[in-house]
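I've put the structures underneath this note.
What follows is chain A paired twice: with chain B in the first complex and chain C in the second.
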Partner chain A sequence: MDLYAAIRGRRSVRRFASASIEPAVLERIIDAATWAPSGGNAQTWRFVIVTEQARIAKLKTVSPGLIGEPGAVVAVCQDLAAARAKGSALGEVLLAPCDAAMAAQNLLLAAYAEGLGTCTVASFTHRAVARLLKLPETVEPILLVSVGVPDETPKAPARKTEGIVHWEVYGG
Partner chain B sequence: MDLYAAIRGRRSVRRFASASIEPAVLERIIDAATWAPSGGNAQTWRFVIVTEQARIAKLKTVSPGLIGEPGAVVAVCQDLAAARAKGSALGEVLLAPCDAAMAAQNLLLAAYAEGLGTCTVASFTHRAVARLLKLPETVEPILLVSVGVPDETPKAPARKTEGIVHWEVYGG
Partner chain C sequence: MDSTALEAKVFDLIGYMTSSARNLIDETPAYGPFRLVDAASQLVAILEEAGVQSPRLTALRQEIDKGKYSVTVGPDEFKAFLDALVDTFVDYLDPGEPCCGP
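And now, the complex of A and B:
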């Protein structure tokens, strides 16, 4: 799929057909995620791919934004101890979420190219997700991404244009 | 350009040929950035495109990670007041940097497809950058992205594989 077509065509999908996803496809989209850049090449991201429907159901109870019946949920996590060791406070506080998000964006685009729908979720109870996924103490879930066969074709929300782009200085 | 080719082929570039970049190309890559998702469709990102070499030189003095002679620097910013109004504390603290980073990732991929090199920079003095770009008080620079005609072809850093991907639970 053409890059610009993927960038412009990807939508957040919240209704999924009940269908499982080939593990090889999930591996490809996670591989795409790991080709994102990371601050100081830290690569301190960690991915937990959940396909067990019982576990997804439990995740949903602690994640208000996680809706529909996705075939998989990918928890994009960061080892904050590793991030701090690599990039000190900046690594833990800023690079960790930014690196996770850049990896997630690759994942969303790759999933779209694979014919899958995704939705990124930031609203969830971190401790509960950590417990359900048996995360070590230093590993923090940053974003959840639901992945599934889309059962809707959402329209693109209007892009805001006013005051978004500036030249040379703000307001320019 | 094929999506996977862009995802896997993009490198961080820090040596640039001295060449200016067509404004239309810069507009295209910023447009790509704005097609990223945002938490609650907030779209509170702000982009300042700097092409004046004198201003880029000043940015470099306060941004240790900003090296080489890029034709442009894009400051990916967030209006934190708008982010908080839209998404409360989560919006300001987590969605703002994550949304900015996802937009930046689109920008990096689009620039690569346009034949340009980029490097993402998180290490800079925020107040000094804000002053140089005349940012309003509520607008925070999250990441700087240098953009230029590449004068090097960096090899891909090895991808870490151990302990990165887990199935169902961490360690699984």
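And now, the complex of A and C:
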């Protein structure tokens, strides 16, 4: 699939057809996530792939932003102790969340190329998700990504163009 | 409680929630989370009055009612109360038994 077509075609999907996802497909899209850049090549991201519907139901209970019945939920996490060890405060506070977001974006595009829909979720209770997924103390969930066979094709919201891009200096 | 009385109480609760939703756009932000947990407590109270017996719901309501006014003490106190409430909820949601069997 053409990369620009994937970037422009991807949507945030919140309605899924009830179908499971092949583990090999999930492994491929997670592999794509790990090819994202990371500050100082830290690679302190950790991914928890949840496919058991009972566990997904529990995640939904504590994640108001997790909508629909996805075939899988990927918790994009960061080992913040490892991030701090690698990059000090900058590594922990700025680079780790940015790296997680870049990895998540790769995941979204790879999923789209596989014919899957995704939605990135930040509205979840971190301490509850950490307990449900049995995360070690230093591993923090940064984003949840629902993944599934899409049962909708949302329209693309208009993209802002005015005042977004500036050449050489802001306002240029 | 008959269904007419139940409907009336739920109707009142919906009023509380919808008017809170509108009012909170212009009200103290911390009152939003307060109204949420308070509405949860009121919902459980309605269920109890309707004869629904649930130790975990009653425990959650009691914990809410014991700590919800920490919102007037300060943000740190209110956050600590809410964190503890979330922990209690997860204790019931995932009591340590195997989630999903073969």
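As a convention for this text, the second predicted complex is superposed on the first by the 172 of 172 C-alpha atoms of A that agree within 3 Å, B and C clash if a C-alpha of one lies under 4 Å from a C-alpha of the other, contacts with A are read in each partner's own complex, and residues count from 1 in each chain.
Just so it is clear, a residue touches a chain if its C-beta (ideal position, glycine included) is under 8 Å from a C-beta of that chain, and two chains touch if they have at least 3 such contacts.
Because the structure is a prediction, the values reported are computed rather than measured.
**Student:** Touching A:Arg55, do we find chain B (first), chain C (second), both, or neither?
**Tutor:** Both: A:Arg55 reaches chain B and chain C.
**Student:** Which holds for A:Ser12: it touches chain B only (first), chain C only (second), both, or neither?
**Tutor:** first
**Student:** Is A:Val169 touching anything from chain B or chain C once the two structures are fitted on A? First, second, both or neither.
**Tutor:** Only chain B; A:Val169 stays clear of chain C.
**Student:** Touching A:Ala122 in the superposition: chain B (first), chain C (second), both, neither?
**Tutor:** first
**Student:** First (chain B), second (chain C), both or neither: which does A:Lys155 touch?
**Tutor:** neither
**Student:** Which partner reaches more residues of chain A, chain B or chain C?
**Tutor:** Of chain B and chain C, the partner in contact with more residues of chain A is B.
**Student:** Going by the contact rule set out at the top, does A:Arg131 touch chain B (first), chain C (second), both, or neither?
**Tutor:** It touches chain C, and chain B stays clear.
**Student:** Under the contact rule defined above, give the chain A residues that sit at the interface with chain B and also at the interface with chain C.
**Tutor:** In chain A, residues 52, 55, 132 are touched by chain B and also by chain C.
**Student:** Residues of chain A touching chain C in their complex?
**Tutor:** Per the touch definition, chain A meets chain C at residues 52, 54-55, 58, 61-62, 125, 127-128, 131-132.
**Student:** Write out the stretch or stretches of chain B touching chain A in their complex.
**Tutor:** 1-4, 6-8, 10, 12, 27, 30, 32, 34-37, 39, 41, 43, 45-52, 55, 77, 90, 94-95, 97-102, 104-106, 108-110, 113, 120, 122-123, 132-136, 139, 142-143, 157, 159-160, 163-172
**Student:** List the residues on chain C that touch chain A in their complex, please.
**Tutor:** My answer: residues 83, 86-87, 89-90, 93-94, 99-100.
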